[in-house]
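Letters A, B, C, D, E and F mark the chains as written, and numbering starts fresh at 1 in each.
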Amino acid sequence: MPTVKLIEYDEASPEVRAIYDDIRVTRKTDYINNFWKALANHPPTLARVWRDLKEVMAPGRLDPLTKEMIAIAVSATTGCAYCINSHTAAAKKLGMDNEMLGELMAVVAMFNTTNKLAEGYQVEPDVFPPLE
Amino acid sequence: MPTVKLIEYDEASPEVRAIYDDIRVTRKTDYINNFWKALANHPPTLARVWRDLKEVMAPGRLDPLTKEMIAIAVSATTGCAYCINSHTAAAKKLGMDNEMLGELMAVVAMFNTTNKLAEGYQVEPDVFPPLE
Amino acid sequence: MPTVKLIEYDEASPEVRAIYDDIRVTRKTDYINNFWKALANHPPTLARVWRDLKEVMAPGRLDPLTKEMIAIAVSATTGCAYCINSHTAAAKKLGMDNEMLGELMAVVAMFNTTNKLAEGYQVEPDVFPPLE
Amino acid sequence: MPTVKLIEYDEASPEVRAIYDDIRVTRKTDYINNFWKALANHPPTLARVWRDLKEVMAPGRLDPLTKEMIAIAVSATTGCAYCINSHTAAAKKLGMDNEMLGELMAVVAMFNTTNKLAEGYQVEPDVFPPLE
Amino acid sequence: MPTVKLIEYDEASPEVRAIYDDIRVTRKTDYINNFWKALANHPPTLARVWRDLKEVMAPGRLDPLTKEMIAIAVSATTGCAYCINSHTAAAKKLGMDNEMLGELMAVVAMFNTTNKLAEGYQVEPDVFPPLE
Amino acid sequence: MPTVKLIEYDEASPEVRAIYDDIRVTRKTDYINNFWKALANHPPTLARVWRDLKEVMAPGRLDPLTKEMIAIAVSATTGCAYCINSHTAAAKKLGMDNEMLGELMAVVAMFNTTNKLAEGYQVEPDVFPPLE
């Protein structure tokens, strides 16, 4: 159960409604995820996170589907149930099928394993030059 | 400092040498990462992890660069220094430049933030059908 | 579902009942949280954790509300649902309102992001003298 | 070793310099932390993180020292060495002494323990109403 | 709710059925855990994880109960509800009673605390020689 | 670099010296680990953690080597370098050899992988009765 009330559109302040409206227009759907309705309890956080998300998910060098799959990788690694659900649904909309998810999960599982082995043995980094 | 000795080729058993040879051929380099030299302390683990890695990183529905970037995302999220270094170097070899890494980091940072907000407020998952 | 039975007062051993009694007196409530009822399956752990908690939460240099908000920050970062719920309720009793929780969440989210960026780029610590 | 070059003021683009200037003015110091010099490899991320940080750390319902102590709590929980160092230094500047840090560490350690016990036994949340 | 359909025996491909059959024979039970039914969405991952698990859990230097208790320790530390449940049930079958689980939980809780204190103060490792 | 000074015996208060003395007698060594010298900055924490550790590591249903190996499993999973080093050294003293460490690491790596797969697919727990 959430620790705060979810703020519905009808009971939201004009400031929050404006953000909900922008979410709807940007995402081309009337649906407002529970995440935003929880953040609406603190409008400055709602405004900042939505603004950041729009910036980070805007077209760039990585395509939107890759970004959503990275979001799944992060969320599976931290174990955030809400996030795994919402990013899996979002990636599916962008074309991820069951086999791609399986391959993604295999990669995430593989590198969580090697991470623990590298830590567990305290292996020292190989020397590579920084990226330029 | 590693908690085990790194096993060099010359002191390795024939079983371990065969794996080192396969790593060299597969990766087209003579360099054996410290990670493998640490795992060589337990040959069944060395064999299993290398076999798994070859399977998981083989050509599939996700391209090799995407897989390496997911490896960076996982490693930045868990905070494994060894892993971040080696996967960043590997992704660079596959064509990741500084701007792509920046965009990747922005995505990783963004979703670690939203993960904590979703957890912190205990937001309940929106209802989506499972992937088929 | 818990992996152990919750031990109710009536079925508890005298040793466990004495701790439940102390929890009730200290917290000025008859309610015993599920957490303690689970720990009661291993009385030495119940005794140690309760004793430690009383010590750590006693009046000191940090006030009780700050301590509860730090507990929320820790629990949101590790993603422990039980803990987030109970510490949010406890902080609320001590005066935390919705806006303060929002500000706390914003701080937690912010530094989880910067943590991942610092790790992801493997930034080396700036040099500061130790605290004296 | 960082995976990117640290961008010094003299080699920075005008866009990055403007942010460095703002950091200097806001923080009343010429010193630019390594963190910002690493982020400068991706100017949009540098700009966004600095903007967010200023917003989140601005005077509000929680005082600046509490916010820095929460940053230490988050960073000790995730184990980010860079972050622990810089937030401990920042909190010290704001008046945290050794005893306060000790009390903070005790609280962080306590709740990481109870988090693992609550998870380990899969204790179900007590029922509390959401914050309003 | 899982993000994929659980694949039942009757609707499984021959490849997946062969693995389900091997799980049943190896574990001497008809019951197939939900975990395997989810992995069956990506047969190569199902095959790899099952093969690895059989190898890792085979008789060796550590006995099966110790291995299951380590699995509980890992799962309580990462907070994976599914895993805590299934490894606690498996350890119980192998003879773990309530008091042993309590002692295990106490150890897990203890070292999660000391981990955070060591990180929080950034204590430098004592110098020990590597294991040989 | 630690964020606090390490307190040496000669500069320690009588209260801290008494604990150092007890550590030396209990562990049958003059060596005081850096961990305790850091905790000595906050004597109540030093006293509590040492008292708890003695209780938790005392002879019980799990033998000391198993407890140290669980400590390694926890520390490899959280990635605490200090802790991995000290618990590996302690387990070695109690008889853990290189092959046992290899097997332990294999188990830790295996279950970190299955943890992420169970989370990544959001698999629902199989239904098991609680331990009694």
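By our rule, a contact is a pair of C-beta atoms (placed from the backbone, for glycine too) under 8 Å apart; a residue touches a chain by one contact, two chains touch by 3 or more.
As the structure is a prediction and not an experimental result, all values here were calculated from the model.
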Both-way neighbours, i.e. chains that touch chain F and touch chain A: B, C, D, E
A-C or D-E, whichever has more C-beta pairs in contact: D-E
Per Cα centroids, the chain farthest from chain A: F
Chain whose average C-alpha position is farthest from chain B's own: C
Averaged-CA centre spacing for the pair chain E and chain C, given as whole angstrom: 27
Mean-CA-position distance for chain D and chain C (Å): 21
Residues of chain E engaged with two or more neighbouring chains: 1-4, 41, 44-45, 48-49, 52, 56, 77-81, 84-85, 88, 98-99, 101, 103, 105-106, 108-110, 112-115, 117, 119-122, 125, 128, 131-132
Chain contact topology (line, ring, star, complete or other): complete
Of all residues in chain A, those that touch chain E in their complex: 79, 84-85, 88, 98-99, 101-103, 105-106, 109
List of chain D residues in touch with chain C within their complex: 1-4, 31, 33-35, 38-39, 41, 45, 49, 52-53, 56-57, 60-62, 66-67, 69-71, 73-75, 77-78, 80-83, 85-89, 92, 96-101, 103-104, 106-108, 110-115, 117-126, 128, 131-132
Contact set on chain C toward chain B in their complex: 72, 76-77, 79, 81, 84-85, 105, 108-110, 112-117, 119-122
Complex contacts: residues of chain D adjacent to chain B: 1, 3-4, 41-42, 44-45, 48-49, 78-80
List of chain F residues in touch with chain C within their complex: 1-5, 41, 44, 48, 52, 55-56, 125, 127-128, 130-132
